[in-house]
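Take a look at these structures.
Next, two complexes with chain A in common: one pairs it with chain B, the other with chain C.
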Partner chain A sequence: MKLSDRIENGIVIMEPKGKIMGGPDATLLHDKLHEYLENEHRQIVIDLSKVEWMNSTGLGILISGYTSLKNHNGALKLANVTDKIQSLLTITKLITVFDTYDSVEDAIASFSN
Partner chain B sequence: MSFNLFNTILLFVSSGFLIFLSLTVIRDNLRSRLNQVTGAMLFFAGLGPLFLALGQVINLSTPVYLNFEDIPVYNLNRIWEVFFPLLLLFAWTYPEDKLRYFRYRWIKYAIFIPPFIHILVLIYYDSIVLFLKFFEAAGTSEGLSSLILKPLATIFSWLLILFSIVRTYHAEIFYFAYIFYVGLAVYNLKTSLEHLTSASLRTQASVVLRGLMLSLSILALTLIGFEFLTADYADSLFTVGIILSTLVGSVTVAYTIIRYQFLNVRLVLRQSFVYTISYSILVGTFVVLIIKSREIVEPLFGQQTEIFGYIFIVVLLLLFLPLGNWIDNLIQSIFIRNRTDYRNVLERFSRQIISVLDPKQLREIIRETMQTALLVDTVYFVMFDDSVEEYVLLPNERFSKKVILARDDHMLSAVNTLTGPEYLHTLGNYGYDVQLSRELDERNVRLILPMKEGEHLLGFLGLTDKAAGYRYTSEDFNLLRVLSNQMVTALINARLYVESIERLKLQEEVSMARQIQLELLPSAPPIFDNFKISVHSEPSRTIGGDFYDFIHLKDSRLGIVIADASGKGMPAALMIAQIQAMIRSEVNNNIPIAQMLKNINEQMTASTSPEKFVTLFYGELNPKTGEFIYSNAGHNYPVIVRADKQIEHLKTGGTVIGAIPDLEFQSASVRLGPNDLLFLFTDGLSEAQDENEVEYGEERIKNMLCEQLHHDPENLIGNLIKDVRAFDPTSPPRDDTTIIALKMNHLNR
Partner chain C sequence: MQKPVINGNRISIPSTQEYLPDVDIFIEGILRGYGINESIIADIAISVSELVNNAIDHGNKKNEEKRVTVTIEKNSEAVSLIVTDEGGGFNPNELADPLAEENLLKEVGRGIFIVRSLMDNVDIAPSENGTKVTFTRALK
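Moving on, here comes the complex of A and B:
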């Protein structure tokens, strides 16, 4: 997995690429999320368009990011969820937990509402 | 008179000092050639003033004036002239042993010939002259023998003239030869000084050189003065000049030895002092005992037994050497404690380290050995630290700060080239800018002992001076070399041990996790008369968190659990254990399934971190009615394949358990009819992959289920697994794989 991240209008956009399957690079995503959280960034969008697959560890990271931000009155939103990830989120019913958007712009816009 | 007395005492003292020094230098390291040569040189240098002083004492004490030069044996005192060839030998041995490169080894013996000829000429001059004169006389007589003797007589008469010249001008001839010796020694020292790279050795050698040059000029001046002064002054000047020159030369060498490298001056003096006192007492006691032997023996054996007196003396003499040795050892044990038996040190060290596998404890033993066996004052460790991937100067009781060394440290590279113990200064002058040089300098490190595994430097020890200022002997160097090899072996062993422990821990954790998992799982599926259950559960190598359970409930209902914990290994196994305990305690409370999952979620969320969660499916089957009430918390949808091959998914429930608080769950109810199949599985089955990373997938599963529906659950699972293994032969499977198949036969009405 590779990770790029940027901040637009105070909203963090993280773009992981490849497979989120646990191990050191999955930890990177986790650490980065929590780093932003500690630096008072409470609005984070994860762009999943380039994520091929994730396993339970990957899901765990998303969930932990979601709950941590929520506990700090922030929000984690998912954008560009691919069909494969969509089905994973559907089966686990995490789709009912996460806010998902068709594009990063939509996700960013959702914060101002 | 008073001047003479003062002069005599001065000569005695200087000779005594030189002889003591010579003995101590030799004792310091008997096997080193430098010590042997230096010791011998100092000894013969000490003989000169000693003989001169003795002569003066005899002169002072004898009323009749004797010309000692007239007594041939007196000339034996010339033996001190051996000093000069020894000086030359010293220059060939110091500061580097050059004798090894000599093409003609006999030179080192040949240089000793002149002083001996000198002595022989002086002592046996009269006999030789008589002998030669006899043949000269025989050659002049008539007869047969004169035919042979006549030419010989001519040769002998020439020899006679040569000898008388030598006899007359012996002082000039031999002392000029000795000047040549000293000059050659100076020249040799000068050339070797130019090749020296070590700064301290250079200072040391240049002091020796200057001393010898001074000695040379005194000697030259003396000889020149001897030629031009009147006979009255010449003789006394000559003696004083020669002795002065010898003293200057040897005192410089002695000073250098003490001041710069070899020995500790206080130790030398203390030791020499104790040796003198103890040996004087010993010899004195012996002399008294021998003199008084008659008085001691007589009361014991009676007056007639004179023979016992001799036996007593012989016994005393036989005892002298062992007693002397005993005193020797005693003094050494007091002064030079480092002369412990090195074999014992090595044996003890290797016995200690063989069982020690903790690096810290190992360093402690090394430090202790250095301090007790070698009297090293402080030991510093520089080791490669795996966590920072750099060499680190470890803290100790004096310097509490850990110093991380730069990889490109110049001095570190120099240490890397060492193969054995080496004085720090021989590595060259690095100055204050080089970190390692600065740090070692601050710590007064004197000696470096590298620990190398082949070409790889594991680390090194920095040793300060010995506790009482003793220098490191060549025996110490040998010991250090062997110790360093043993340390390397021990360090490697410790490293291998730590690695194997870690591997073992991992294996243990895996097997414990597996054990927990296996113990939690039911040993066999329950048996019912109207439906059949079959289970297949296969753990992966890394142990995931698959779990299933069957719980017998009231009214002969059956609770079925299938779950998959996120993550692997021990944490997953523990989470599963927790879930199982909660389910088993909750089901007996007779609360709705949805509420039960909510309760479990609340408890799990409170006790685990949010990235850990469980997908869980729980259902209760009433075998009488075929009613199946379930709730699916984020698990892969279980499938019902109806007898007519219609497929239904059991989706109702909520999301995963253990990560998000305050969740609501729903439950749903289905009814199973005869020959309907309930099929539950974990993602290990659906995510099996072929070599192109194509997943086996739920479609294939459903197709197989429809195809195999006529089989009983056991065969159905068997055939399905066969098909999956053909698709993905990885064994054990990539992920835990669990399948539960339940097929209704008929309903119990």
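Moving on, here comes the complex of A and C:
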């Protein structure tokens, strides 16, 4: 997995690429999420368009980011959820937890609502 | 510590997540060689990653002297895989329900549930010498 990230109008956009299966690569996403949190960034979008698949380790990282941000009055939003990840979110009922958007732009706009 | 060892349709790795990508490349390569569609390949790859993670963490308890082995076979109707570890075994009936409201936001505990959801048959056989998980996925 590779990870790129940027900030647009104060909102962090993280773009993992590849597979999130565990090991050092997955730790990178977890650590980067929490690094932004520690640096007072409270609005984060994860663009999943380039994630081929993830397993429960990946879901655990998303949950960690979601709960940590929520506990700091922030929010984690998911954009461009692929069919494979949507299926995982559905069978694990996590689709009821996460806010998902069809595009990064829609996810960013949701912070203004 | 021996690095990944490949022998025909079998790969064996030391108990460290460092080698998860090696297992994935090996398994997906074989599945593509079988001509299986990409959606099924992803489901199997996810399941293998879950079970190898479990074997490393809970079976072998990250003891790199102990190994995790994945074997893959195919017949005309299904792909079958076996994941084994060398740990003390665990009771699959003791796993918490990850869909229960109190567990929904837990960061761990979904691996076996996901495998059971994605695969057609999952048999978990714990023993004192390790756990053997056998699972199949129909091709149609």
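To be clear about the criterion, the second predicted complex is superposed on the first by the 113 of 113 C-alpha atoms of A that agree within 3 Å, B and C clash if a C-alpha of one lies under 4 Å from a C-alpha of the other, contacts with A are read in each partner's own complex, and residues count from 1 in each chain.
Rule of thumb we're sticking to: a residue touches a chain if its C-beta (ideal position, glycine included) is under 8 Å from a C-beta of that chain, and two chains touch if they have at least 3 such contacts.
Keep in mind it's a predicted model, so treat the numbers as computed, not measured.
Participant: After the match on chain A, would you call chain B and chain C a fit or a clash?
Facilitator: Pair status: clash.
Participant: Where does A:Ser68 make contact in the superposed view: on chain B (first), on chain C (second), on both, or on neither?
Facilitator: In the superposed model, A:Ser68 contacts chain B only, not chain C.
Participant: May I ask you to name which of chain B and chain C touches more residues of chain A?
Facilitator: When the residues of chain A touched by each partner are counted, C comes out ahead.
Participant: So in the superposed three-chain picture, is A:Lys93 touching just chain B, just chain C, both, or none of them (first/second/both/neither)?
Facilitator: Both chain B and chain C are touched by A:Lys93.
Participant: According to the stated criteria, A:Pro24 is in contact with first (chain B), second (chain C), both, or neither; which is it?
Facilitator: A:Pro24 sits against chain C, while chain B stays out of touch.
Participant: Report for A:Thr57: first if it touches chain B alone, second if chain C alone, otherwise both or neither.
Facilitator: In the superposed model, A:Thr57 contacts both chain B and chain C.
Participant: Which of these chain B stretches, 75-83, 183-191, 543-551 or 705-713, gets into chain C when the structures are overlaid?
Facilitator: 543-551
Participant: Between chain B and chain C, which residues of chain A are contacted by each of them?
Facilitator: The answer is residues 22, 56-57, 59-61, 63-64, 66-67, 91-94, 96-97 of chain A.
Participant: In the complex formed with chain B, which residues of chain A make contact?
Facilitator: Listed in rising order, the residues are 22, 30, 56-57, 59-61, 63-64, 66-68, 91-94, 96-97.
Participant: Report the residues of chain A in contact with chain C in the complex, numbered from low to high.
Facilitator: 19, 21-25, 52-57, 59-61, 63-64, 66-67, 84, 88, 91-94, 96-97
Participant: Show me the residue ranges of chain B that touch chain A in the complex, using the header's touch definition.
Facilitator: 564-568, 609-613, 615, 632-637, 653-656, 659-661
Participant: Using the touch definition up top, name the residues of chain C that touch chain A in the complex.
Facilitator: On the chain C side, the touching residues are 17-18, 20-21, 24, 39, 42, 45-46, 49-50, 53, 98-99, 104-111, 113-114, 117.
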